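Handing you a structure now.
All chains are identified by letter, namely A, B, C and D, in their written order; residue positions are counted from 1 within each chain.
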Amino acid sequence: MTLSIGVIGTGAIGKEHMHRLAVTLKGARVVAASDVSIEQAETAIRDVGIEARAYASGEEVIQAEDVDAVVVTSWGPTHEQFVLAAITAGKPVFCEKPLATTAEGCMRIVEAEVAAGRPLVQVGFMRRFDAAYRQLKALLDSDGIGRPLLAKCAHRNAQANFSGDMGLIDSCVHEFDVMRWLLDDDYVSAQVIQPVASSLVSGDLQDPSLVILRTRKGRVITIESFLNCQYGYDIRCEVVGERGVADLPQPTSVPVRRNAQASEPVMTHWKDRFIDAFNVEFQEWIDATAQGKRQGPTAWDGLVAAVTSDACVKARHSGQIEPIKLPERPAFYNN
Amino acid sequence: MTLSIGVIGTGAIGKEHMHRLAVTLKGARVVAASDVSIEQAETAIRDVGIEARAYASGEEVIQAEDVDAVVVTSWGPTHEQFVLAAITAGKPVFCEKPLATTAEGCMRIVEAEVAAGRPLVQVGFMRRFDAAYRQLKALLDSDGIGRPLLAKCAHRNAQANFSGDMGLIDSCVHEFDVMRWLLDDDYVSAQVIQPVASSLVSGDLQDPSLVILRTRKGRVITIESFLNCQYGYDIRCEVVGERGVADLPQPTSVPVRRNAQASEPVMTHWKDRFIDAFNVEFQEWIDATAQGKRQGPTAWDGLVAAVTSDACVKARHSGQIEPIKLPERPAFYNN
Amino acid sequence: MTLSIGVIGTGAIGKEHMHRLAVTLKGARVVAASDVSIEQAETAIRDVGIEARAYASGEEVIQAEDVDAVVVTSWGPTHEQFVLAAITAGKPVFCEKPLATTAEGCMRIVEAEVAAGRPLVQVGFMRRFDAAYRQLKALLDSDGIGRPLLAKCAHRNAQANFSGDMGLIDSCVHEFDVMRWLLDDDYVSAQVIQPVASSLVSGDLQDPSLVILRTRKGRVITIESFLNCQYGYDIRCEVVGERGVADLPQPTSVPVRRNAQASEPVMTHWKDRFIDAFNVEFQEWIDATAQGKRQGPTAWDGLVAAVTSDACVKARHSGQIEPIKLPERPAFYNN
Amino acid sequence: MTLSIGVIGTGAIGKEHMHRLAVTLKGARVVAASDVSIEQAETAIRDVGIEARAYASGEEVIQAEDVDAVVVTSWGPTHEQFVLAAITAGKPVFCEKPLATTAEGCMRIVEAEVAAGRPLVQVGFMRRFDAAYRQLKALLDSDGIGRPLLAKCAHRNAQANFSGDMGLIDSCVHEFDVMRWLLDDDYVSAQVIQPVASSLVSGDLQDPSLVILRTRKGRVITIESFLNCQYGYDIRCEVVGERGVADLPQPTSVPVRRNAQASEPVMTHWKDRFIDAFNVEFQEWIDATAQGKRQGPTAWDGLVAAVTSDACVKARHSGQIEPIKLPERPAFYNN
């Protein structure tokens, strides 16, 4: 069976996912696409080089009879309405992060999905599908270093044109999601520490930042977010357990010795780092959806990420340790 | 367009490739299979869980009307006849190594393909499709270390039940192929040096061995073949250039510190090391074949590997430096 | 000229330093030693195999005419009195950490040394003499990664029988000193975060801990103190600068591949890690002292370490960010 | 006791060793020095900043009453005469390599030392004193990888102005000595393979070269000698055993990530790589000599190096595998 997919939002990421679904991966075709104007959707379809129908609105994509499942890659503030519409239509929906721009919006989606009574929503946290994180999780799950006590993450971009709180949140949200999954835990509080800012960052962005999360099981997670570290795109994670320490595997490249240096290149773009994770993420989503299952990050995970982000923003401004309070988790989301 | 494939030989590797073509990769289906008995082919089809027709002979698979292209994974001595039959039938054929068990057999295939006038044959040297080798080649091709002068390979298996010359040849044949491709060069002579044999190897196998190849461009390539190194499956390649040195990237895994050791696991099976290369190899073959093209190792490459192997066997027995003499390369095989 | 040294305190460390001064290093001899009883000093002299005179008290060692300089390796609470006595006697004194058990005691030493008007006191912070830290400092000082913004330290012991605050302080005091020196900065506040404690630690020790220091220049330093990490003795330091990241070099050992593992041993004892640093520390002290100079950590550095320790103890109990307030630095200690 | 040393030859290396003996190390003083003219010896003494007497000839140094032991760092062709004179005088002598410029000369020294009846001669093969080689030897001796079967060395200089055979010999002689010691073995044959030469080398030097030695115990050792590898000074050694593989530890330096590169510096000069080895070599020689013992490389080791070098020169010119034939080892040199 081939899954027929409608894509809402055909910007850069939308087009990449269209190509991924239509050309790279197996078991899916893209049959419909929309953007803020139908002309933009038509252009995207032509650019990707597929045959699909352009629609003037996401709602039409969702309603289209030949659309089995929906991928939402539109502008963040529109995610909520499209995901809710897909739930109403009873169609599986993959939504790029954020699930919604507010925790309340995420909660409305959670409630709608629970009311619908079957799993329909997956959120685009691709790190859970990254081979390196999966290897690390397998080691932890096999008791490779004993009970984890501490974890230290670094999330570094070469350059990023962010301002205010958005940079911190947009980058760390990936750690928020993947660390809960990695450690099988939940957060109870957040603190944000601002070291002296890099002089190479313009505008009002305080960069780097250090986020400190405490979990229900008492673990402490530190996340360095450095959006303008200059040197490359670099994702690190060290987990300290009762009996040992494990590191996130790093991408391989050719070790070279020349000019009195032994060196390896460092990636400079997140797309290079996570291209395989995106492919695995969508292939597994296609395969699971075609079988009426769901296995990736849920609407609940999207909500937790939003609540955690809110607490971090608050903590950054207050300088205090702020609680992270989640509503009670519906049994629907128990594994 | 979906490529309809017939598989000749449904042993362990044959079944793996059937699964790969039918389930993992895109753009192909397996419609026919044969083995030494039709029952074995039927069993394999059932095990892989696909719908395909079993045939009593490889020739019938090749002749089947719905078969667009053929994959030969039967017992080595039968490769030549099936590849020749596929050429006669005008159907693209992917043949696992060896292309034929003798240089003469390979030459007959070369001549048949040249006579057929269009590229039909690809040989299963999967290392050219391995990401690590491709990265290394990209570095060399971009003049990353200057002109290569020397290369040092190690090909180590944990354990292998080989005897006589076969072990040496069956393992080193991958280096014979990939090093020509990596360095864009050809061999002119071979020497085989036997150190004291490991006492952990039973039978008449002299293990490890050191093969030394000289190329047309004057480079020297050393290949350590150690079929019973005990500790794991380990493929190494260091290239020494005029301005620097580059190493084949190694597989990543989780670095762990525990019990007074900092360690990473070493793979123990070649299938784990090259599983991605197999997938890329077949996906590219499917894609190219569907477009009437060919881009992987050719029958000529299979012939060169056979001639090189013959010279190494001779060199091992003589203890001398033996010439590697190739027939003139048909223009058909120029890139 | 050979420096004649008197050693006060001939326990394990005292004897090691006696051997180091008398046998390993150049330019010094040990001529006097004392312990809580003269018999113990005599035994130590015999064990080390040198000719020296035993005294019943540290004061006698200090007063001995043939003693040019003093090394204090007695029980911590006695350090202050011996250092003060040496200052009074006008003799250079090397004091193992702590300089005194309270900040007030350190301050009395600072005042005495300032009053004496010439540099006499060096404190035993050996990391400043470690080749790895010196390489890292050289890189930072040469602007190798731009202005440092963040630093992340880990201080891990395999096992340590500490209780209460002492473990945290006794280990982190080395980071307190070396990070000020490394970054050429001073501390303004401390926070201590306690993750869930390792279940492998007995008694009331909360282990590991995470100390967070903020500096006058706005940098943030995190120090993981894990006194019972089980796997080894492991000292890490990563400095994040505006243009790059640098790591403390790690000790080398033989990389081995066997039993499906690629591994290197991790040290298990701090003496192995810092044995060379101790030798360099004392050799430089001997050389400088013989020339009437001083170049290592001063009494002021000992005071800063004590004040920082006090703030960390307070922060651990309060759970708050506690200020680190230093008295004004006497011009005497400006470089 | 302080060993009083006379130094014959006060060129660059001679002056370094004078400084090492007089200033850096313990237990020795330099009391005499000679060079081709007494003025040059006087200048050297002044440059090093010590008090010693200059002599017009090495023989006078050896004869000087206050000279306990001799260090020969003069021009290679004069080594033999000074070592023989020291043996005649019954004084311990440390001779930089080569012991003599011919195997015959080495043999005359061996015979003289045997006739003298007590160990007097040590040859300056400093690698045996290098911490990395010692760690590797300790691992092998503890059966860490099973019985060694193969070893692969690389000896790379950034640039070297050698011509003819001398470059090959002058660099590989260190491997000749250290590999015998590392593997506790002797050589039986040599082969030299010349790949295409680097175009960056001027003159008649064929560079790089590949030396292949076979040992009495059947092992095979390959040595890449690359005198003009451009990128740095790099010494490698991988030993392949029956159960595992071990590598020579490499010097540590600060790992840095910047400018899209993760890198560490590579040394460019052999003095940096082996400075500690030189210090250990001479300290152990001083200590052993002061006690009337000898523990480093002997005159016999110097002879073996010379015979091996001769065989390599012959093999390079003949292109054949040449035997390495040693005279019978005098029982005097048994351990």
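Simple rule for what comes next: contacts are C-beta pairs under 8 Å (C-beta built on N, C-alpha and C of every residue); 3 or more make two chains touch, one makes a residue touch a chain.
Which chain is which protein? Per UniProt: A, B, C, D = Inositol 2-dehydrogenase.
This is a predicted model, so every value here is computed, not measured.
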Most remote chain, CA-based centroid, reference being chain A (Inositol 2-dehydrogenase): D
Chain centre separation in whole Å, for chain D (Inositol 2-dehydrogenase) relative to chain A (Inositol 2-dehydrogenase) (CA means): 59
Centre-of-Cα separation between chain B (Inositol 2-dehydrogenase) and chain A (Inositol 2-dehydrogenase), whole angstrom: 39
Residue list for chain C (Inositol 2-dehydrogenase), restricted to those that touch at least two other chains: 230-231, 234, 243-245, 257-259
Arrangement of touching chains [line / ring / star / complete / other]: complete
Contact set on chain B (Inositol 2-dehydrogenase) toward chain A (Inositol 2-dehydrogenase) in their complex: 24-26, 132, 135-136, 139, 144-145, 243-259
Footprint of chain A (Inositol 2-dehydrogenase) on chain D (Inositol 2-dehydrogenase) - complex, ascending: 158, 230-232, 234, 257-268
Chain C (Inositol 2-dehydrogenase) - residues contacting chain A (Inositol 2-dehydrogenase), complex: 146-147, 149-150, 152, 156, 193, 195-200, 208, 210, 212, 214, 217-220, 222, 224, 226, 229-231, 234, 240, 242-245
